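Below are two complexes that have chain A in common, paired first with chain B and then with chain C.
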Partner chain A sequence: MNKRDKIFLSIIFAVYFIAWFISLKHIPPMDEAFSTLGHRWVVNIGGFAFNPATLINAVIVFLIVVWIALSVREMKLVPDRKQSIIEWLFDTFYEMVEDTVPDPRFVRSTFVVAMTIFMFVWVSNMLGSFPGIVFTGWENGKLTEIGIFTDTWQVPTADLNTNLTYALLVFVISHAFAIKAKGFKTWLKGWFEPNPIMMPMNLIGELAKPISHSLRLFGNIAGGAILTYIFSYMVKYFLLPIFLWGFFGLFVGTIQALVFSILAIAYISAQLT
Partner chain B sequence: MDKMDLAQAIYLAGKAIGAGLAMGIGAIGPGVGEGNIGAHAMDAMARQPEMMGAITTRMLLADAVAESTGIYSLLIAFLIIFAL
Partner chain C sequence: MKGLKDFAKLNLITAFGATVIANIAVAGFIGWLIDKYTFDNNVIFVISLFLGTISGIYNGIRELLKEAERYEKLDKKDDNDDSDSHSG
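== the complex of A and B ==
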């Protein structure tokens, strides 16, 4: 760390300290601060309930992923830093899929599914590791307040709808691949193994997969955001949120994105054996 | 806090006790599981120190899967406190 970095960091810390000192007067009492916790902004269009905060943030995540894709579209023979990171990531994933999936015909498509899910979930989790625009709703779903830098972003992965969509996608894809690989009759017979009495157990076991798959990611990201909010309130937003965002956002977010895509690979390959 | 009648008091007490029990009992399983994972990872690292990097990443992955039941109970506790 040279002298310029030290001066820069001291200025940032001074601004942070002054902002904290000013905001200390405006912090609401505990029951008022926590009364809107967990209430989302919901819009009803033709009988369907939409969550606009999730849609807006999903578009932001898509734009970031597309920007990453466009910036490495022309592969150079001598890679620069960004290209080598992307190459390393894709290579690691491809080797993992190759080791796990037994049928070589499905390696490439499984890799595409798992990698797409990983990119979306990881960028979304990273977005959830710093403060941003927060839409606060009330019980009837009406938008009451738009806050900027009051809480972490309401990222798409902190909403069960997104995670359940991806988990069901993996569930359907795994069974479609199984039908394609083994044929319809062998796939149907797989439900009645080892004997027909076990059919309900197999059914419940299969249906439990997407539920646990989606709830794990949702619980980690949404629970991390709520815990960060509560702990930050208890120290009046002074310094601790940075460590909480570092842990719940960067560390847990990366690990959960990895776990989500690895489980997707494992579920698909379990159907192919 | 202003004065509340008996029904409200019982409702509030049930909420608090339920959330506490959900989180406390639900944290036993992940605690035991993650302890096991950590202990065996330490064993493996002591036996083969050159594998430390690979063991650490797999240990973290196994931790993330083992703590999922704890995360479910955290969700239930939040639901009880804020949504019930």
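== the complex of A and C ==
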């Protein structure tokens, strides 16, 4: 860092400090600040209640992933930085799938499923590493307030419905692959192993997989957002939020995206063994 | 590449706990549903909670052993690759 950078950063910090000092007066009292914490905007259509914020943000994530895909559509022989990062990521994942999945016929399809899930979950978690558009609802689900840069971006992975959809998708895919690989009779017999008394345990164990799979990601991302909100209020929004967003968004977000897709690979491969 | 795989091992810490809790929750829910439409005296609910606990520990340990075996195999493969590259 040279002298010019130091002066530049000092000015930025001074401006930040003055802005923070002025805004101190406008910080709401505790009961007002936490009254809408966790309340979501809910819309009822045809008996189905859903959160439109999740849908809107899912479309944003989807567009970002498509944009990344389009920008590396033409592969060069000598890769540039973006292409080499993507190639490294895909290569690592493919190797991981190859090492885990025992049946070579299903390596490619498992890789496609795991990589798609990883891309979506990772981009979504990265969106959760900075403040964004926040829709606040009241107890009956009515939209009361749209905040811009007031709280952590309500990403799709901070909504259990998205995670449960992916977990159920992996659950169905793993059993479909198992039936295709082993045949229906062998698959059915697998439920009664090592002996028929274990059938209820196997059944509960299988049904518990999508629950633990989805709740782990939901807990980490939604919990991180709530902790950021609470801790930020405690320090009167002074400096700490940046580190919290860095930790819960970038670090925990990346680890959880990796864990979610590795678990998807592990569940699929467990059915194929 | 090896660093990324090492990060994935962090998952083992939460995997066991999450499996046990999810098993108990699922078994409890199924038991509560069956109980509600049959005897409605909570006996099946309590029995299924016990079943869930046993199934959670059984499935959790099974998952842990499977993952440990897989990582052992991967580590061995990495060691072999390293020794190959050193000798070559």
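In this section, the second predicted complex is superposed on the first by the 259 of 273 C-alpha atoms of A that agree within 3 Å, B and C clash if a C-alpha of one lies under 4 Å from a C-alpha of the other, contacts with A are read in each partner's own complex, and residues count from 1 in each chain.
Everything that follows uses one rule, which is that a residue touches a chain if its C-beta (ideal position, glycine included) is under 8 Å from a C-beta of that chain, and two chains touch if they have at least 3 such contacts.
From a predicted model like this one, the values you see are computed outputs, not experimental measurements.
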Requested in this report: Once the structures are superposed on A, label A:207 by its partner contacts, choosing first (chain B), second (chain C), both or neither.
Outcome: second
Query raised in the report: Which of the two partners, first being chain B and second being chain C, lies in contact with A:10: first, second, both, or neither?
Result: neither
**Report entry** chain B versus chain C as contact partner of A:84, first or second or both or neither
**Finding:** neither
Query raised in the report: Should A:226 be classified as contacting the first partner (chain B), the second (chain C), both, or neither?
Result: first
Query raised in the report: Which of the two partners, first being chain B and second being chain C, lies in contact with A:216: first, second, both, or neither?
Result: both
**Report entry** Touching partner for A:255 - first (chain B), second (chain C), both, neither
**Finding:** both
Report task. Give the label of whichever partner, chain B or chain C, reaches more residues of chain A. Result -> C
Query - First, second, both or neither for A:37, with chain B first and chain C second - result: first
Query raised in the report: Which chain A residues lie in the overlap of the chain B contact set and the chain C contact set?
Result: 212, 215-216, 255, 258-259, 262
Query raised in the report: Of all residues in chain C, which touch chain A in the complex?
Result: 1, 4-5, 7-8, 10-11, 14-15, 18-19, 21-23, 25-27, 30, 51-52, 54-56, 58-59, 66-67, 70, 73-74, 77
Query raised in the report: For chain A, which residues are in contact with chain B within the complex?
Result: 34, 37-38, 212, 215-216, 218-220, 222-223, 226, 252, 255-256, 258-259, 262
Query raised in the report: Which of the residues in chain A end up touching chain C in this complex?
Result: 92, 95-96, 99-100, 198, 200-202, 204-205, 207-209, 211-212, 215-216, 255, 258-259, 262-263, 266, 270
Query raised in the report: Along chain B, where are the residues that touch chain A in the complex?
Result: 60-61, 64-65, 68, 71-72, 74-75, 78, 82-83
